[in-house]
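Next come the structures, one after another.
You will see chain A twice below: alongside chain B first, and alongside chain C after that.
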Partner chain A sequence: MSKTITIDSKMIPFQEGQTIMEAATAAGVYIPHLCHHPEFTPHGSCKLCTVNVNGRGCTACTYPAIDGQEILNETKELNDDRRKITQMLFVEGNHLCPGCEKSGNCQLQAVGYYLNMLDNHFAHFFARRDLDASHPDVLIDRNRCIFCTLCVRASREKDGKDVFAISGRGINKQLVFNSESGQLKDTGLGVNDQAAHICPTGAILIKRTGFTVPIGERRFDHNDIAETGLEQEHSDHG
Partner chain B sequence: MKQFIQDLSEKNHHQATRLLQILRAIQSRYHYVPADAIEQLAGLLNKPRTQIISVVEFYSFFHLQPKGQFEILISDSITDHMLGKINLTSYLARQLKVAVGEVREDGIVSLDNTSCTGMCDQGPAGLVNGYALTRLDRARIDVITDLINQQKPLAAWPVELFHIEDNIHKPGLLLKQQINQGAALNVAFKRGLKETLAEIDKSGLRGRGGAGFKTAMKWQFCSEEAQSERYVVCNADEGEPGTFKDRVLLNSFAHQVFEGMTLCAAIIGAQKGFLYLRGEYLYLYDQLQCILDERRKAGLLGIDILGQGLNFDIEICMGAGAYICGEESALIESLEGKPGIPRNRPPYPVTQGYLGKPTVVNNVETFLAAAAIAVNGGDWFASVGTAKSKGTKILSISGDCARPGIYEYPFGTTIETVLMDCGAANVMGVQVGGPSGTFISNQEFDRKLAFEDLATGGSFIIFDESRNILDMVNNFTHFFAHESCGFCTPCRVGTSLLKKQFDKIVEGHGSAGDVAALEELCQVIKGYSHCGLGQTAANPVLTTLERYPELYQDKLKKISYEPGFDLDGALEIARRMANRTDAGAHLTQVGEDHE
Partner chain C sequence: MANKTRVATVSLAGCFGCHMSLLDIDERMLQLAELIEFDRSPLTDIEHCTNCDIGLIEGGVCNSENVHVLREFRKNCKILVAVGACAINGGLPSLRNFIPLEECLAEAYLDGIGVENPQIPSDPELPLLLNKVYPIHEVVKIDYFLPGCPPSADVFWKFLTDLLDGREPSLPYELVHYD
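Now for the complex of A and B:
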């Protein structure tokens, strides 16, 4: 007998050591997420993947699957709250989708669509965030950073470089770069590093590749993230 | 500076886990952490500079820009406010000729606010270069101003400025009598360690730091882990505003606390322990080191303790201004020299704690009680209290009462009794358990101190009828936004939004839907945050909204919608540019005119 969990009444088998997210993804069940990426150590910070496990809220990306768990995922309550969490991310930074190169390929935007987010709901922070255009090949716009730490993890775990870190406390966090000048050009970041390509939003962009795929033909323009997200992650897995 | 940092790093064996201690020394010497120091440390500790910067920027007591040679911080606890902190700070700023948040031009002095310093029974309080100042008033401020202007080193300041009272007004089971040095260990070795753990189990002792987990069970779990390296950590971060009992325990009962830690080490098989002492208690550091030395000399610490083959020693690590480091996994991160960001659970610290090894984290009072239980037996403790909450609880009482200080009560004692003992009159309500706890009104004073009714880590702040509840909520809500570690979205963004939304209502800009929106926001923060900080950050609003909804509703304007910003204010720049002051250049907020 293989072990199973149920998500919204659907039986899902899992292997010992898998998280709820991993078990769900393998079974084709989408759980909204932003800071999670199958190739990196789970972080558990965005809280979008919160599911109800036997009556308690848990982040699916970090919580282990345990035989017999009864999990709620697609409920109105959860999605309403996930929408509010997404709205929090939108008002915290400065996300101006119409002018952003990532529009249509952006997971933050796509999750917003998926959760039927029609406005920002909360008051904007209008935070002052700096842009770093010093690197010859990579541009970083901190206005769009959501602190998922995927670039931090990618640089450390895959590129072996530790180019990025999140500094500061509370609402005053910011992405910092590992160079004496503090500028991106003086770090060891290369254009082919995973860290340069992992950002779920438009905070890290590769220069001179903008709009090669026109708006309207991008990843989330015709399919919602529940479908494309899963396919992408399956193919990422190889 | 190069030599200083080189020596400092060497003294700390170039261990990255010692980063906070190293940065404390640098901040103390240079009054900031210079960029060159970070570069040098990155090399010496073999740690990316970004990780050092993120530690500097995480803790309130570290700065990338120079502070004054005298760094003055004034405690921002609600009790300090009740004692006239605002006026006093303005006076201090005028005398010193420095604005709050600034460094004086000559670089001699800087002034700022800081979260509760744990002196609520003898405020208004502050810190100068990390050392606690109490009972501030204008006379003391005049003295301090002179000392600073003469640039007198702290060692030459009058000692009464730094005098700190214990204020133990009602000792009980634990505070009436200290155990003799070594008594708990002697009894435990004689009785047997398993049997002693059984006594602690029988006593029903639950953690005194807040969560109330059964202590014996925690120790048992940790001892059962397969790893051979284990750690004991005493949580003396005591950051909950209004709590100061651990300060008193460490000042006057430190032997017993260390004995409790050593007992734990014997039972779980640990060789190393840490006392994580909040930075605000720097004044206790030297005396605690002396006590550790005494214990080493007495064979109660170190190699082969009491000839029983137990090797265990305790190191004191200081925090640097971050309430979140009281959360046990954040505390462990901090001990490892990192920002205090709570970990994901599972795994719990008992299985993977400090450096990934099984670790017991307990509150100061828990270790104190465990040592006493080892000597006096489980029944001694369990015979006091209620069925679910055994023994006594030590309270830190502050606010509107005649005798603020330390009181020890059996669990099950009513709030009424406590209020009578400390001389509180015309009480409007009490904040039990600090900002993260519950506000109870004067209709509820028959309620009891107990895990099953009013749980508390010890904070007990009294408000009389003259106080404005919303001032309190305002103070607490700002506190949480300031202390949020920023790891998770609901707390990082939510606590700041909560602050804005609350301010909007209280400042009279709220309209019909705004209280509902406030409550809705509270539920997201409470329900989705990663750790106890976020999960309780909305409590001040929620518990007062439940009891005094009219206080909030009365603040609302009688219009259906009010923008979150000041329309007319936003036009100010345009008016200046157009050189206009006439009525036509002003806007009223939507709707008000049409009532």
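Now for the complex of A and C:
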């Protein structure tokens, strides 16, 4: 008999070695997340995918599926926590959606929409974060970085380049680049690298491609991330 | 009709775009006028609000006058609503938060290209600028938030009709936008 877990009372089969997130995604069950991507080693840092496993909070992207687990995912309590986490991300960085090229295609924003987040609740830090526009094809806006490390992992694991890292602590934490000058242009980043396209927010943008999709036709304009996110993860990169 | 719902509106550090969007409810304004009356608002030119049911605040808080006006609204409105991106997170005006105020003033009034007779305005009638532009929930308690830049006319309509009909206001997915 195949092994199963239940998520919100739905029986979900899994294969040995799969995480809860992997089993859920394969079964078409959406668990909100930002730092998780199916192609990369789980990081477990954003905590959005926290589910209740047999009464205990666990990050679905790192926790292994084990036969018989009873998991809660779509509950008011969990989504209230997720909304608070998302609000904290919004006040830690400087997320001014009206002027951002990624708006409408941004996963951070889409998670906010999914959770019906209407305000930022907390006091804003308005921390000063620098841009790096030195690269001919790629723009870095640290104001929008949520430290998910997807670019770090993509550059290391897929591109084999190790271009990105996170440096510093607390409010001074920032995305840094692996070059003598510290500038992006002096790294080996290429415009076709997966690291240049993996950012869930508008922190890494490809120059001269902004606002090409009109409002109303963007990824999350009509379909929430639970629908489009799963589709994308099934189709992305083969 | 007696006992109409009294609504006050104001634009603090905003661009009046949210007010324009409210007017975009078009002919539904006639239906709304049956149910509400405007108190203090750019639409009426009433200078101070008194005993209102709903206060709609556009824009963030950038100077001392904004603080006074916002507190007047909180004192006089049963329900206070943050309308639009600037009221919710400071919005575009908050881009100055990353630059010291003195440098902002110097760039605008002393060192900027084409400035003639450079001087920083200091007339006592001018409200003093705050060190930063603040979202309004950091200054007074806010009851509801309508995101968007601006919130669409349908957001205003849904929110106001929910309230007027005695329902807890809620916005469906299609009406929630941060841009």
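By definition in this document, the second predicted complex is superposed on the first by the 237 of 238 C-alpha atoms of A that agree within 3 Å, B and C clash if a C-alpha of one lies under 4 Å from a C-alpha of the other, contacts with A are read in each partner's own complex, and residues count from 1 in each chain.
Here, a residue touches a chain if its C-beta (ideal position, glycine included) is under 8 Å from a C-beta of that chain, and two chains touch if they have at least 3 such contacts.
Just so it is clear, the structure is predicted and the values come from calculations on it, not from any experiment.
Judged by the touch definition given at the top, the superposed model places A:Ser103 against chain C, while chain B stays out of reach.
Touch criterion met: A:Gly168 reaches chain B, while chain C stays clear of it. In the superposed model, A:Ala123 lies in contact with both chain B and chain C.
When the two structures are aligned on the shared chain, A:Glu217 is found in touch with neither chain B nor chain C. Counting the residues of chain A that each partner touches, chain B and chain C differ, and the larger count belongs to B. In the superposed model, A:Gly112 lies in contact with chain C only, and not with chain B.
By the document's definition of touching, of the two partners only chain B reaches A:Ser45; chain C does not. Counting contacts by the rule stated earlier, residues 123 of chain A appear in both its interface with chain B and its interface with chain C.
For chain B in complex with chain A, the residues that touch the partner chain are 39, 48-51, 53-54, 57-59, 322, 339, 344, 346, 481-490, 492-497, 500-501, 504, 520-521, 524, 527-530, 564-565. Listing the residues of chain C that touch chain A in their complex gives 82, 85, 88-92, 94-95, 97-98, 132, 134-135, 137-138, 142, 144-147, 149, 170-171, 173-174, 176-179. On chain A, the positions that touch chain C within their shared complex are 90, 94-100, 103-104, 109, 112-113, 116, 118-121, 123-124, 126, 128, 215, 222, 224.
Of all the residues in chain A, the ones that touch chain B in their complex are 42, 44-48, 50, 57, 59, 62, 64, 81, 84-85, 88-89, 91-92, 122-123, 125, 146-147, 162, 164-173, 176-178, 180.
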